[in-house]
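The following blocks contain the structures, represented as structure tokens.
Consider the two complexes below, in which chain A is the common component and chain B and chain C are the respective partners.
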Partner chain A sequence: MATTTIPGGTIGSQIGRSLPRLEARDKVSGRAEYTHNLRLPGMLHGKIFRSTIAHGRIKSIDTSAAKKMPGVFGVYTAEDVRKVIPNPYYGPAFHDQPILAMDKVRFVGEPVAVVLAADPHAAEAAVQEITAEYEELPAVYDEIEALNSKVYVHDELKPAGTFADLKHLTGRKQTNVALDFKLRRGDVEKGFEKAAQVFEHTFRTQKVLHLAFEPFVSIGDAKRDAVTIYTSSQGPSFVRTEIARLLGLPENRVRIRVPYLGGGYGSKLYIKLEALVTALSLLARRPVKISLTMEECFYQITKHPCTFRIKSGVDKEGRIIARKCEVFWNGGAYADVGPRVTQKSGFTASGPYDIENVHVDSYALYTNVTPAGALRGFGIPQLVWSYESHTDMVARALKMDPVEFRRKNILKKGAAQATGTPVKHAPLEAILDRVASRLNWGKPFDKGTGPVKRGRGLAIAIKAVIAPTTSVAVLNVTADGSPILYCGTVDMGQGSDTAMAQIVGEVLNVPAESVRVVPRDTDVTPYDMGTLGSRSLFHMGHAVRIAAEECRAKIEALRKELGEPEGSNIPVADLFKKKYGMQAGNIVGSGTYKPDYIPPQPGTGLTTNVAPFWMVAGAGAEVEVDTETGKVIVTRLINVVDCGKPVNPKIVETQISGATLMQLGFTMFEKMHIDGGQVTNASLADYKIPGIMDVPAVMENEAIDTVQPNGPFGAKGVGETATFCCGPAIANAIDDACGVRITELPLNAEAVYRAIRAQQKTPLEDE
Partner chain B sequence: MTPFDLREPTSIKEALGLLNAEDSSVRPVGGGTALMLMMKAGVFRPTRLVSLRKVGGRFSGIKAAGDGSLTIGAMTPLAAIEHSAEVARAAPVITRTMPRLSNVRVRNVATIGGALAHGDPHMDLPPVLLALGATVTIVSPKGERSLAVEDLLTGYYETALAKDELIAEVHVPAQAGRRSAYLKFTAGSAEDWPAVGVAVSLEADRDTIRSATVVASAATSKATRLKSAEAALNGARLDDKALASAGEAGAQEAEVISDVRGSAPYKRELIRVHIGRAVRQAMATNGAH
Partner chain C sequence: MAARTISFTLNGEAVSAEVANHHTILEVLRNEFALYGARESCGQGLCGCCTVIVNGTAVSGCLYLAAFADGAEVTTVEHLDADGRLDPVQEAFIEQGAFQCGFCTPGFILMTKQLLERHPDPDDDQIKHYLSGNLCRCAAYPEIIKAVKSAAKKRAVAR
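On to the complex of A and B.
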């Protein structure tokens, strides 16, 4: 047993075990519980009629033919929803999204009406009979256009009131800006004046989506004074609060039940189908289920496309002395959590570099496309794409080695990051060194012969975990000593149940396999802010640790009370028997964790404590570019991350490889093609995600050997970290291979080929 | 997807009786991998599907004749063709095409007849079979007819099949002395539909190319022979100049369309490059084929 000074104390047999997932057998044998499989007595199925235009006033909706279709229970529009929920607007940042379109539609695919039927096929057939008439309005799709457009997606901004930095936007009209975050450090203009050279580039990322293999699904079962929702959600506590607000009910009348999720990646946060099934259940007085098809997922939530203008001033020694970042986030028709992405990612928009003068403007913009929200990285992958491509471009222009240029400018231990918060326990230099050494940087490299050129590149990144957030856990040691853990962290495939069981096992000195983790149920499992942003292992891990430590202390007290000698190893079950005369009783412990945090100053974004921990990543890529077709093969993909002490090394490794492969799809080819607001490839037949044949021949996934001193047993989250650097590492490798620079994702074969032709001064004609 | 009538006849006669020459909502279905996508997307809403799964007889199985020709039942799953020793001997280009044709789950159920009857220009087998000079036997209530694959494919998701006709068999003529290759280029995921497919079949007289067939697919509305590329190759010796001029001729001739997998100018470049690469690959194969 190693002795450490980290919270949780000594590390024994359970932390650091590559324990297979507790639910693995149930999942592979088809026994695991999912919302899709659940049927309630009397349940109706809902199918959604969606807008076919991007922006318009609803003149009329004709549901009469649909109502006459065989098997139809009812057809509902916003007018009906208002009868049960008078103000039916929801959202975590703005109360801007109606349960069904009211007065206006704002994107193609927006829900306008719903057919309910006992048979989902009958509902689907009836949806085809609904017609709507719109007065079409001009629409805005691009984030830069939205900034100055006279087309306004919303007539008036309606902040939810939960976030202090949105209050000043209340009632604002004639704007598409849903948040304008500013960070000001030093004087950027003076910095540019002093600089020997100034570089400015613009980067763009495309619209992509999560595509969890389990599409969105919710069941609402509303009674007069209480509602139960079964849903595939990453944030049951938020759903309860928001549904209670919409219905004017106390939280204890709203119950959210969440079994296992077939993936989430940020898509299943906040309200998705939950408010709709609740309203429909109230109207129909029956349980109502809505299961989206994979195709409908293209109209629910996506990643933010982004335009990033970055400008750096460099002195003659190659030190970056000033950096200006203007970031424009395409949030789509409803804000969802976009303003949070805009602000929180803004803290690190200038990258993992020590820069005296930093100026960040980060804008959330409304547009007439599917809303954008959180997606595995909370905006950071878009930023890293830009600033790490820029870093290489500047290094090349200065004729400096890209690794040396980074080393010269990297944030050193204890230095203040752009917000003014010192970077502690963020081993940036060590990670850069590991990636460079794995790539044999500085040693000869085969650049290829004939039409196939080879290259290598790397990138590094930093993220501040979202703060401040709260987690609560309860642990119940039963009469035979077997522990039951109640925590709201949603296991959506990332293995959190297993990790939490390992923490309980470690504290109580029992095998993790003996710990039962109760499926999420807000009547039973206590509050948690949400399973997002790689926060759970740290925050909920602490809450679980504290709850288990309380149980351990109570067990110890019981030993003393019963006259057992100090250090006695009498089984817990025997203690209970001795106490109660039979197998009876239990011991309950609880834990609440909320880290320290100092909010950034309005206007400057400065604070000395922006987050309880940093997430740090590096990636290296080796590529082969077929210069006759533009096809890029990633032959080697290296990811080195810092997750503190791995609680479960095997799960850490699969989180690293899974995250980077997801980002590999976003980097190389995934793209929602949008034409006049219409998604033209809204199906898995035409929108491809990486398959096994796309996996690089060599993948190296490393968690650097460190400890996060304020983390539970030295650990912190890792779900997102390996998404950060994949894109720019590959773009930098392509540049190294054939001297072309792509500034917009994806790096698909045609984009690379066109860049090669442009470089050869024989540009390929457009369409 | 809305409910429909699913029939599983056990004979050709019964199957033909369930089809309807006038009703496009009645369709035969092989493995269903392509039709299901259309049904899920709502672009095809059948009233009846006639599954050919249980028809058997000449609809299934692979027969190699003594002359080196092959007869493949239309309902033979692609996986059976992939693993057939007879196919590997008689037309190894088909065997080589299979590992990258969609994925193993699709190959286990999709059929060779379906691949042809669907008329989808993105499929891999139609250009290969066209280049090999394959023909199909078609049955209908009126009798039986034979048609070259080249004539079967008439346009974008269009074939010469009437609504009450079924492909029963695919015949691949003996390939003695011919060499063939198929290259597919995916612009995105390796498992995506190709942006371009190029199939070539030719005879090699030492390093001189003779009687070449060059077929482009995926970028075009149907698998299409590029006769100007063939003309440029025939009689030419295998060198960069000949391949460049064949590629140029083919790229000019092909009627290329833009879609989410690439713009027309880009796909034209891909055809140009892949004609040369496919010819080189074919010439490098064992001369027995």
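On to the complex of A and C.
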């Protein structure tokens, strides 16, 4: 009876229901609220003038012609911003990003000036009249070059102070390294000496974009001592803290309101346009809306490109006894949350394997390109791409079956992962078995005879959820018994409102549909660290559960107080009526959740409690490779994940399928092309994302039957899990089909055909 | 800026609006009529988020100049449940969980309606062909295909 010991107790009527999203009707009828749709009386529209060079000193900005354009309210530069925000630098990890470029520009597309006008077209036309002169400086674009370059993106490192492990970087000069995370387990060099064979490979991933369909949008409505911001943000609590800091206001004078999001995927975390619209609203004394175009989104935030050098020593039996991982993250011109990606993903850079000697160096690097942040996986998909491609290459070199090789090295239940934290409730072996069995591994497979070759491959992965983070929830049972939930988790499509309502419903024994979930508003919804890293269902789910349990206990106490017999099913509304003589009153419960955590030791990265739960995934792919053109068709894509007990099985399946299809785009074709720091394909016309034609003929999505014993009702998050393994599973399948190995994403026809020609000793010329 | 008055039928009602030559139908729907179901995303007519129906044909509202709508019949997603009941396509999208963030959903629903009007019992190829001009970054495509098929059945029963 495992289910009786999990927090929340036994599972009844609401958990495990495939309830349609609470807001489903609003979404299909076009009436769901997005910041995109919002207008305030007297509102001005801002359009941004952006840097055309990658690195340079600003010599002058001429806004005089723009100011004379019809309909223009005003034109603003950093000089103006400083009048209302004297120290206008922001960011979650480093206070390195100016609201508008100050003195220097550090990437093509960096905001330099803004035109405000009542008519967005007037603002847009006036932006064309602004000119800027720069003293151009040499720029650095590549993460490996940035490591030893004499070109420094920033003169001095400015850690925010939010994270204790970044403090030592304060004041560092002449470096582009924003964080160097180290993990040391055993002695990797001795391990290599003992190894029968050593393998070393380098993998790369490309720069790609979140491309949420609701482009970045924020509205600032600032008065002298109180600010309201309406914004498409994944982290209203963080935005409030940061705006309060910038303005020197207490948190209760800053109000952040967030309706539904038209997609996020990590792009709308921390702070983006919010500081800019606040400064402009203070200057204009009017509400200001900035709505980016899709093109401009390419200059806001991207995924981290990464170079990963991985080296493994294997003994005679095929056991990996040493692994060295050097990971270089291309963070772009401003740190955003890159240093956290660098550290947190570093914990599992050596993969889901039991390796005695592990050495990880993970570097966050500044470069002169669009900043990089979190994208559905917090760095894990880049790492898995590398270590699971490497795993297959090693297995093939050893002439071992890739599944057998993984089975031999996999982290078994209770074994210590590289950080020293035991892996509990991380069913790696079961997931590997499920993927292999779905692929009919070990049975004959038709590899094709003509020019079209067929192959199959798989991959497995592990992620430690980001820790430690806090969530707070408040539940209000109204006088007629209908509950209102106040929680700051942002529903950006993952279905969190619905899942939280199901948790309330489960505890109070009411239908989830009867629960009202208040849209995020920091004046009423309490603190939440952010909607990121698949953390919400676990952390906020617990907070909501605790709040609901408190309400339940108070209802029970009221029943006793009113002399109702134990076990009576008298409706809550009647209790209130009896107590107050009319339909009146409230019962309020609150819940706070922060899991236990032991910070990793500086220098070694070791800890016995790195995270409250593990996310585990496996994928299998079958492909057809046309060896005459390099075209790859993924004919079958299997994803098996562990999400504990699915709170809403239908939404879980949609998350698994949607996550892997998004990753299929990053795997097969998506790539931001950059020439001299300039993005040359900054539009949906030139940057292709998966469409309905790209869906593999067969997709299998499975959440394995398990519970997460410390999760609310046995559940944990699943938003990212199915992004991890898609890439390497396909690369491994391509190798299986035609014997070529691609070590850099994307796996487009050109890359595959070049590899085929190189293998045939008739390589194509470079571009 | 040159302006003109256009008159058209919007969701069954005769309306008129003052528009500039460069205004798109999308801007007019949002700014003059507070209809937000069609929305601009890519701004190039590639994603389908801005889909509206003009004279029975789905168009990209972000590229369709408002001036051309003079005298036309324009329908938006908001009209589908005008009688208080959801359209079978909307019902099917809810039942199949065929969306996540919902930003692209009105466009998919309008295009699906057009598909089913022309091909009441579409096969997979027809569905993919019709919906290849609508993109969904949450990638709810498998669920959308199921929803289209389910909507086709609902319409057949209703007939």
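The working rule: the second predicted complex is superposed on the first by the 764 of 767 C-alpha atoms of A that agree within 3 Å, B and C clash if a C-alpha of one lies under 4 Å from a C-alpha of the other, contacts with A are read in each partner's own complex, and residues count from 1 in each chain.
The rule is simple: contacts are C-beta pairs under 8 Å (C-beta built on N, C-alpha and C of every residue); 3 or more make two chains touch, one makes a residue touch a chain.
Just so it is clear, the structure is predicted and the values come from calculations on it, not from any experiment.
*Asks:* So, A:661: does it touch chain B (first), chain C (second), both, or neither?
*Replies:* It touches chain C, and chain B stays clear.
*Asks:* Return first, second, both or neither, reflecting whether A:121 touches chain B, chain C, both chains, or no partner chain.
*Replies:* A:121 sits against chain B and chain C alike.
*Asks:* Go through the superposed model and pick first if A:492 touches only chain B, second if only chain C, both, or neither.
*Replies:* It touches chain C, and chain B stays clear.
*Asks:* Is A:293 in contact with chain B, with chain C, with both, or with neither (first, second, both, neither)?
*Replies:* A:293 contacts both chain B and chain C.
*Asks:* Which partner chains sit in contact with A:505 here, chain B, chain C, both or neither? Use first/second/both/neither.
*Replies:* A:505 contacts neither chain B nor chain C.
*Asks:* Which partner, once the models are overlaid, touches more of chain A's residues, chain C or chain B?
*Replies:* C
*Asks:* Between chain B (first) and chain C (second), which, if any, makes contact with A:24: first, second, both or neither?
*Replies:* After superposing on A, A:24 lies in contact with chain C but is clear of chain B.
*Asks:* Quick one: is A:689 in contact with chain B, with chain C, with both, or with neither? Answer first, second, both or neither.
*Replies:* both
*Asks:* Quick check on the output: what are the common chain A residues between the chain B footprint and the chain C footprint?
*Replies:* Dual-contact residues (chain A): 121, 293, 295, 683, 685, 689-691, 693.
*Asks:* Could you list, by residue number, the parts of chain B that touch chain A in their complex?
*Replies:* Result: residues 1-3, 37, 40-41, 100, 103, 185, 187-193, 195, 258, 260, 262-266, 269-270, 273 of chain B touch chain A.
*Asks:* Report the residues of chain A in contact with chain B in the complex, numbered from low to high.
*Replies:* So the residues of chain A touching chain B come out as 121, 124-125, 293, 295, 628-629, 631, 665, 668-671, 673, 680-681, 683, 685-686, 688-691, 693-694, 748-750, 753-754, 764-767.
*Asks:* Which bits of chain A are touching chain C when the two form their complex?
*Replies:* Against chain C, the touching part of chain A is residues 18, 20-21, 23-32, 34, 36-37, 121, 211-215, 260-265, 293-295, 492-495, 650-651, 653-655, 657-658, 661-662, 683-685, 689-693, 695, 699.
*Asks:* Please output the residues of chain C touching chain A within their complex, sorted ascending.
*Replies:* Listed in rising order, the residues are 22, 30, 35-39, 41-44, 46-47, 49, 76-78, 80-81, 86, 90, 93-95, 97, 99-106, 109, 127-128, 131-132, 134-145.
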